[in-house]
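Here come two complexes built around chain A, the first alongside chain B, the second alongside chain C.
For the complex of A and B:
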């Protein structure tokens, strides 16, 4: 690992640790409204100032980071598990199962995911707590994003099935479940890991996009998407550069993530 | 003495020079530019329904009667005078003579009769015609000479004069049909997706006090622009001179940069409100329906909301706490005795406790022990509304109520509100474009589809809704304005008392007017800025170059 990759790794750890220690680092809750101090500039009491409703920006940034950083990997894990299940089944079974599954995957990929997400979100019960809404959002992101990964894993599984070692194992009388579990799956692990690391930034950005549209995580819970929505009014940024803090943090985090794991892949 | 005389002469000269300069700067001619949000869907004034088409109609159309946007009173336009007789079923007009359409065709009573025939044609599906249909039967016109016409309605229409503000007179003889106009401007050019250009009507009948033929402007250009930030940017560059509606952030930004150009016309006709779903068949638990149908619950929630903070924080002070369905901007129909529900969280809690609710460890429970928690649906993407929801969430948390805010895309929200009734509470805005209460029949009648808290009732489900039905029907058939006002005042009192809608704030009418425009004064009624287009002036090109 290069020095730069190490620095990026340390930065990732710092961001993650800081967000996990939000309760210790921020003396006030992310939802407390100091209504007499709306839009306060950075000061001792509020190091990053307050938002329009008088809420501490630092607390919201820390808790928002925690939400995005914990749930994006969870959604990525779910997505990869689904992709693996569907992709390996299709690749290993072959024939009409493979064709039907890949046709379904093509259809899923061609669907406008944002509208699909909106439709599914609109059908869900309304009366859920903010934490439940955030879980639903990431669960939907995870469940609806299986198709691209499934295509890649299907291709890998299909190639492995036709490989010489698989043929030899079959010729030696290795049962199918054992062949799958002991030989195919371990060889697909790097592919699945790559899918996992690719999915994390995608989900963080997807949640951010939903937040920009006002359809992400419900009030008063903060998330990077919700915080980034404040940047929709560019005229405000000039007078208050602190508004850029979530954008900077998101950029740093995603850059570090790409840097560390692309180097690792190499 | 000599110094004083010299000084007076110098002052006189300065005043004269200033007047000449002003005359030169704001003389006849020039082009006024502003933005509209979309292309007009039609140029036929009798079919106008969307904002852009109504802008075209307002700038080009001539009407018999206008509502003066400043005084909110009726003023004669193409009709010199009118008289309502036969119990409100007949209206006789004396028309202005010597008036020409933009193409030179003379205007007469035949054109008014032709307009009525056309607007009432069921095949045309004119929204303007719909508003004249008070009941079964035909509307008849009787031409009694070139300048006199009587219109007979099958039934009395209360406040019928206001309907003529939207009825553009079209020519019965011009080959240009509806493109021959009687208003201050004519349609010049339309480049879809880009702009609509209006040119001066050379035959416009109105003259100013000095006898000069109006309008002053040579042309008006309505640029099609959806992005509000870009609109403000273009305003600052001088590419547009009016902005009809500004949100509080943009208004404050403009106020800081250019204080004289940001205009606050006070309370507008727009209000924000919250209501609970009281539909009997709604897929909600019975105990929640019981809360929402309880007046004490609704009033307690209303009293727990700090409307002052909503105005200050969600609208940056550019809103007033709302008392009822009619904003103070509607001077004719507002019930001035009503004041907003007072913010009293302790009184709200006491009211709930009298009804058997109890506060346990910071959580409110109903008499059966259910936690008091409900969802508030609203449309996504509206920043002010999102702030209102967050503020209400904290206000209600103080009396132990858990509120879950649910932003939905608009079609999903409408689906839940109007078809499935699968929602608990809703936060939305309302714009009363028409001042007259008759335009709100579709909201207040219990049988109406827009009676949002419990629409399409076969018979009124509560005595107070029955009373509102009775009062609304009474005011719609009464001809005496005082009786109508008394009936509608009572409707507003019932709504205040029963709180089916919790009115939250009345937004201010925020606009921008460039210094280069003369005679533009924003009002609360639509169109806020160009309600007097014939009198608007802009600094001419020479003055701008200087």
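For the complex of A and C:
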């Protein structure tokens, strides 16, 4: 690992640790309103100022980072589990099961992701509690993004099924479930791990886009997407550059993530 | 034969997608609600007639057949939110989105292919590093945020679409070109004294044309997705903004029709890209690249 990748890795750890320790680092909650100081500029009490409801922007950024950074890996885990289940079933079964599954995967990959996300999100209630909105966002991202991973895992499972060690295991009388569990699945773990790490930045970006469009995690709970929604009125940014803080943090975090993992790939 | 197979797969996929769309509409909350029920001027007979029509639509199979027959006649239903036929809304808004997406698509592919070719052939690593950094930075910015930046810089929305597609084209084609340039037949061509540009165009590009055509279909879908936040933030009356308004207003009839239409468009584009990829396979099959 190069020095630059190490620095990126340390930055990732610092952002993650800071967001996890939001409760300790921030003296106020993300929903506490200082009604006498709405839209306050950065000062000693509020280093990033307050929003129009008088809520501390720094507290909201810390708590929002925690929500986004926990949500994305959880959604990625769900997505990979689903991809593995579908991909291994298709690759191992072969025949029409494989063809039908891959046709469905092609359909999912071809459809514009955000249109699909908006359609399914609109089907679900919009006026839900913040925690329910987290669950909905997390499930939507995880469930709707099974297709690319399933294609990759299907190809891996199909190749492993035809491999010499699988043939030997079958010839030795190894039952199918044992072959899958003890021989195929462990060999697919690196592929699944790669899919997991690829999905995390995708989900962080998707949550940010959904949040900016007002269809992500519900207020008063903050998330990176929700905080970025303040930028919907681009005219406000010129007078208050602090509004860009969540955008800068998101971009730096994703750059570091990409830097660490692209270097690792090499 | 291959093309006919692709068309039939496309047709079946669209039928299945239509079934999915009809199911979503049928299961949506408030599906059987009708504001005419509240109209006290209508007599009991009228209410019974409306109820009889709705009862027929409650059966999913029958509802799907009705939905398909309406689709075949070009009737995509009426938007509850805008109280206007969906076809009319699409006719007004589709040209703007398609123009934006296709312009962005063309910009991204032109820049992506040119810069990836330069990066793949460069002997000095400074330029590939800088271009890679630029592409990586674009990958880290949500398209909604990009729209805000472009609004500040007074840049057209098509540049936003291009910014979303460009990194995918650039990184993927650079990897393909690099692998292609390292093949033995390319080394032989170089050893025989062929110029860099000639080697690239005639020996490095044809073997990877198939993969590039496949990527083209996928990036079109990506561009259409990027149009939603761009049109919302930049207040452009395209179908991206329409989809957002439909989602906020829970106008499922409009949203499902939009998704189906966009899905049909991207699936057709993908089928065309695959057909082109298949046609170019012959060009690359006479070397040892596969």
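Quick note on the criterion: the second predicted complex is superposed on the first by the 254 of 266 C-alpha atoms of A that agree within 3 Å, B and C clash if a C-alpha of one lies under 4 Å from a C-alpha of the other, contacts with A are read in each partner's own complex, and residues count from 1 in each chain.
We adopt the following convention: a residue touches a chain if its C-beta (ideal position, glycine included) is under 8 Å from a C-beta of that chain, and two chains touch if they have at least 3 such contacts.
Being a predicted model, the structure only gives us computed values, none of them experimental.
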**Request:** Have a look at where A:53 lands relative to chain B and chain C in the superposition and call it first, second, both or neither.
**Result:** first
**Prompt:** Of the two partner chains, chain B (first) and chain C (second), which one does A:205 touch, if any: first, second, both, or neither?
**Reply:** second
**Which of chain B and chain C A:255 touches, first, second, both or neither** = second
**Which of chain B and chain C A:118 touches, first, second, both or neither** = both
**Prompt:** Which partner does A:129 reach: the first (chain B), the second (chain C), both, or neither?
**Reply:** first
**Message:** Under the stated touch criterion, which partner chain does A:106 make contact with: chain B (first), chain C (second), both, or neither?
**Reply:** second
**Request:** Figure out whether A:96 sits in contact with chain B (first) or chain C (second), or with both, or with neither.
**Result:** neither
**Request:** Kindly classify A:220 by the partners it touches after superposition: chain B alone (first), chain C alone (second), both, or neither?
**Result:** first
**Request:** Considering only touches as defined above, state whether A:228 meets chain B (first), chain C (second), both or neither.
**Result:** second
**Request:** See if chain A has more residues touched by chain B or by chain C, and give me that chain.
**Result:** C
**Asked** Same chain A residues contacting chain B and chain C, which ones?
**Response** 118-119, 121-122, 126, 213-215, 232, 234
**Fill in**
The residues of chain B that touch chain A in their complex are 229, 232, 249-250, 253, 309, 312-314, 373-375, 377, 380-383, 386-387, 389-391, 393-394, 402, 404-409, 412, 415-416, 422-424
**Asked** So in the complex, which bits of chain A are touching chain B?
**Response** 31, 33, 35, 38, 52-54, 118-119, 121-122, 126-130, 133, 213-215, 218-220, 232-236
**Request:** In the complex, go through chain C and note every residue touching chain A.
**Result:** 9, 12-13, 16-17, 24, 27-29, 136-137, 139-145, 148, 151-152, 217-218, 221-222, 224-226, 228-229, 232-233, 243-244, 246-248, 250-252, 255-256, 258-259, 262-263, 266-267, 270
**Asked** If you look only at chain A, which of its residues touch chain C in the complex?
**Response** 103-104, 106-107, 109-116, 118-123, 125-126, 201, 205, 208-209, 212-215, 225, 228, 231-232, 234, 237-238, 247, 250-251, 254-255, 258-259, 262
